[in-house]
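Below you'll find the structures, each written out as structure tokens.
There are two complexes below, and they share chain A, which is joined by chain B in the first and by chain C in the second.
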Partner chain A sequence: MKLELHRLKVRRLAWGSRTAFDKGLLSIDRSALTDLLAKDGRFRSVTLDLALPGESVRIIPVKDVIEPRCKLDGPGEVFPGFIGDVETVGEGATLVLEGAAVVTCGAIVGFQEGIIDMSGPGADYTPFSKTCNLVVTFEPVDGLEKHEYEAACRMAGFRAARYLADSVRDVAAETIDTVQWPPLSEAMTAHPGLPKVAYLYMLQSQGLLHDTYLYGVDVKRILPTLVSPTEVMDGAVVSGNCVSACDKNSTYAHQNNPVIAALLARHGREINFVGCIVTNENVTLADKKRSSAAAVKLARMLGVEGLVISEEGFGNPDADLIMNCRRAEAAGIRTVLITDEFAGSDGASQSLADAAPEATAVVSVGNANARVVLPPMERVIGFPREANVIAGGFDGSMRDDGSIEVELQAITGATNELGFSRLSAVTV
Partner chain B sequence: MTYRVVHYINQFFAGIGGEEQAGQKPLLKEGIVGPGQALAAEFGDKATIVATVVCGDGYFAENMDEATETIIGLIASCKADAVIAGPAFNAGRYGTACGAVCTAVKDRLAIPALTAMYPENPGVDLFRKETIIVETADSARGLRKAVPPMASILLKLLEGRELGLPAEEGYLPQGLRKNLFRAEPGAERAASMLVKKLRGEPFETEYPMPVFDRVPPAPALKDLKGARIALVTSGGIVPKGNPDHIEASSASRYGEYDISGVSDLTSADYATAHGGYDPTYADGDADRVLPVDVLREMEREGIFAKLHDLFYTTVGNGTPVAMAARFGREIAVKLREAAVDAVILTST
Partner chain C sequence: MGQVPDRQGESPGLPDRDDVPKKGGDVLVRNFCVFSNNPLLGRSPHYRPVSSRQLLLSVRDLIHRGAVLVNHPLYGNFRPYQQPFRTLVVEMPDTSGSVDFNALSLIERALAVYDDPGVRGVLPGELDPEIEADYAYVDGELVRESLRRCGLEGFLSETERTDEQGDQEE
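Right after this comes the complex of A and B.
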């Protein structure tokens, strides 16, 4: 499989009479895109806003962040199972509007969504203060059932992201990255002397706003399976997941999975990276055991010596993380885990809900209970009163002057467990 | 400005005597005594040791509350800006006294305090979470090396500056997890760590695994017929409107609610406050999480004697273990006082 990523670097966004790209400026036809999204009869209103790095803007409550991409060439379309068909993706050419993002925003179940600040102390913690954001805010028609509302928001985000890229598909790329992914028969004998390594890619799958999709399939219904990095880059894995937004993988984080990037960067030099095993994090013990057993079985079938394991979420999924670690280590496969911590706002509590002596190599992406005060912003996009009941907020989080005191867990992507950011924690 | 510092030492370092003088009661000496010389030199003109409080190690160990009370009074009388104690090196009773004094100073006088000792001094385990302890050698030969970090950390605390990492500053880790930004993103660090682990090269985990507290289950009830049974949940079921504002995540409190006379939790009166799972089904029928309806039927059928009038509830979602352990202890005491024989614990 060979995938070319054709990149255009977006540095500014503006409204325009048509959607176009010129020297870093992405102009967006506001009414055309609003009309496209409003076709979904489940919305009472669809509002578009722009939020640029450094602006005094707060976006709340955030559902998902998506990088605008579309297929230029090759089978299928980005976000298979949602846009276009369900054809296998990851080959041909894909246009990437790097530096731009679609942010979806709407109050679905009240207390379960995230915050993005474009400037100030909160901006240091979210990756999406550095992207040029098109924010899409929804209100549902009266009586819309919550699962339906979530599905409508999710779809609209993908449509908007695909629309932006597709509208400028004729612009020549500024840079082209090529990823070659060999068949297993070649991969198994390539790079003799280097250890074979795979990526165990854990996806949360626990119900409304806790779900992830693979080719449109709710991953709570999958058995662990193999995917190539190029499929992930084309949006084979997408988010329906934003509760305690700090450590939920937005679709943007999947499209730009940094673990895949880090392993590809070492491929052929320090390791032989042979594949990604996607697995789920279901709620029952039998499901956890089944998925863990099957994921480690795939790693053994590949004959890998090492696994990077990334968790999604915290608490209940800590059990999946530790189970995966123990099974792999017992099978002689060395593991490194990526997790965040919930050590209390004072940092004095133990950080995980499960632990094992086999987990000797852990990357911490930070203590999500740590608190931060977000000062008032000149402009708020969305529904600011949600701060009092958002996960990571508490009664009185929203102060009269418009500032918010929250735990990092309320900030979108603050402790992303794909290792997106530099945040970590140490013992002092 | 020059800060006013009070130094705490034992009878030995005050030159009063060894073990035979360990019963020395607390006393205040003007100015600098013993190891205070080295500290004063290190402070320069930034801080002055205005007085030294001396107490025998034996007296302190045998009269901890009274000694602490007297010592706090002596320190307060000096209008101190900060207190420095020791170093205690590997002297166990001295280390314990230094830790206790610093903790009391911090709690009651609300001024900075620190001490110094050898990592294996029993005072370290007792007080490391409460007070800053500078690492020293096991004997007074280590004084010269201990003094610079003691002085520099105390000055930082006085000036309200943030401390660096324990290894950089020279104090023993307090066991608190603190956020920082590292040079590389997490994914890069993970890939590098895996390469090292596979090559058998040394690497440092960013989170050493904790040792878990395992609670053995209580013995089973022999006779259910006479039993009073209570419901406790971490599934967040609360009276509608969440009257005690239990947080959707990282709960800082639990609720106690009366269900006497309630035989069914309806969506009109009950909902979940939990932010960690799909609330649709719990909000639709809270009995799915807190099975009051089924237990009332069993109570009527006489399978057990009584469903306890109160239920206890919190949100188990990113809730720090230390907080959860406190809820558990408090709820258990209340249940025992109410002569409850058994508890059904439900999650989500």
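Right after this comes the complex of A and C.
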């Protein structure tokens, strides 16, 4: 499988009479896109706003962030199962509007969260303060059921992202990245002497506002399966979750998965990267056993010596993470785990809800209980609510001067467990 | 709560129960029930308007007597000071007397989260009613699959119960 990523670098957004790209400026036909999204009868209103890096803007509550992409060539369309058909993706050419993002906002439930500040101290904790954001806010028709509201927001985000890229598909790419993914018959014998490594890609699948989709299939319904990195880049994996926004994988994070990027960068030099095993994080304990057993079975069938495992979320998924680690290690496969921590605001509490002596190589992406004060912003996009009911907020979050004190948990992508974040460690 | 629930009234159907943990032995009739402080599960004989911590303790005690957990006690990406509700699907003890140490470990770890000295768990009735209703709804949705596997989905209603079935406890 060969995928070309044709990139245009977006540096500014503006409203225009037509959607077009010129020298870093992405002009957006506001009325045309509004009309496109408003065709979904589940919305009473659709509002488009722009939020640019450095502006005094807060976006809340964020449901998803999506990078604008569309297929230029090759089978299928981006976000398969939602846009276009269910054809397998990951081959041909895909246009990427790098630096731009579609941010969706909807008040599906009252306690919703997910904050993006475009400036100030909060901006330092979210990668989406650095993207040029088209924010789409949806009001539902009266009585719309919550699953339907969530699904409508999700679909609209994909439509908007695909619309932006498709509208400028005739513009010549500034750069082209090529990813060549070999068949297993070649991969198994490639790079003799280098250790075979796979990626175990754990995905939220607990239920409403905690779900992920693979080719349009609710991931809680799958058995672990093998996908190529190029399929992920084409949007085969998309987000349907946002609760506790710090460590949820937005669709944007899937499209730009840093774990996959790092494994590809080391492929052929330090390791032989042989594939991504997608698995779930269900609530029922029998599902956990089944999925963990099947995922590690796939790793054994691939004959890998190493497995990089990324978690999504905390609490219940900690059990999946540790189960996957123990099973793989028992099978002679060395593991590296990537997780965040909920270690209390002082960092002194136990970080995970599960642990094992086999987990000897763990990458922490940060403590989601750490607190930050977010000053008032001049403009708020979305559905501003009292911070006390934000996940990551707490009694007394809202201060008299309008600033709010929240845990990083409330900030979109602050402790993303793919490493798609702005936190890092330094030696002191 | 504290007292061991009555084992009667726990058979609202026998669907595909092969898809839940097995206790072993020749179990001809498996006996599932749902413990919850979520009013949307108020039709369960084991609904109690207690704290989530108390609910976990009750089920922990049952596990010591041979009960098996069906769902993970820390489902949902909420902290104890955010989500007032917990719902646990349990296979009730039989006469084998064996203890599921995996389930015991899971629920003890869950209790440790609730017992963190820096955490004060939110109680049912403490939040704005509209917000609390949303928490109740999402709680039900997150355990719906576990309920369905055990034939207990019928206990999950769209609206909170209005009667006073079940004991009011401190």
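Following the convention adopted for this analysis, the second predicted complex is superposed on the first by the 418 of 428 C-alpha atoms of A that agree within 3 Å, B and C clash if a C-alpha of one lies under 4 Å from a C-alpha of the other, contacts with A are read in each partner's own complex, and residues count from 1 in each chain.
Please note the rule applied: a residue touches a chain if its C-beta (ideal position, glycine included) is under 8 Å from a C-beta of that chain, and two chains touch if they have at least 3 such contacts.
Since the model is a prediction, treat every value here as computed from it, not as a measurement.
Once the complexes are laid over each other on chain A, chain B and chain C cannot both fit and instead clash. Applying the stated contact rule after C-alpha superposition, one finds that A:F128 touches neither chain B nor chain C. Looking at the shared chain after the overlay, A:A370 reaches chain B, while chain C stays out of its contact range.
Of the two partner chains, chain C is the only one that A:K220 touches; chain B does not reach it. When chain B and chain C are set side by side, the one touching more residues of chain A is B. Residue contacts after overlaying the shared chain place A:A265 against chain B, while chain C stays out of touching range. Within the superposed three-chain model, A:I338 lies in touch with chain B and out of touch with chain C [touch as defined at top]. Once chain A of one complex is fitted onto chain A of the other, the partner contacts of A:S349 extend to both chain B and chain C. In the superposition on chain A, A:F420 makes contact with chain B only, while chain C stays out of contact range. Once chain A of one complex is fitted onto chain A of the other, the partner contacts of A:K288 are limited to chain C, with no touch recorded for chain B.
Shared-chain residue A:W181: touches no atom of chain B or chain C. In the superposition on chain A, chain A positions 109, 111, 146-147, 206-210, 243-244, 283, 314-316, 342, 344-346, 348-350, 353, 389, 391, 394, 409 are in contact with chain B in one complex as well as with chain C in the other.
Per the touch definition, chain B reaches chain A in the complex via residues 129, 163, 165-166, 173-191, 193-195, 197-198, 203, 205-212, 245, 247-250, 252, 275-280, 316-323.
Put simply, chain A touches chain C in their complex at residues 109-111, 146-147, 204, 206-210, 220, 241, 243-244, 247-248, 282-286, 288-289, 313-316, 318-319, 342, 344-346, 348-350, 353-354, 389, 391, 394, 409. Chain A meets chain B in the complex at residues 109, 111-112, 146-147, 195, 197, 206-210, 243-244, 258-259, 261-263, 265-266, 270-271, 283, 305-308, 310, 314-316, 334-339, 341-353, 355-357, 359-370, 389-395, 407-409, 416-428.
Here chain C touches chain A in the complex through residues 19-21, 69-72, 74-79, 81-82, 102-103, 106, 109-110, 112-113, 116, 118-119, 127-128, 130-131, 133-135, 137-138, 141-146, 149, going by the rule given at the top.
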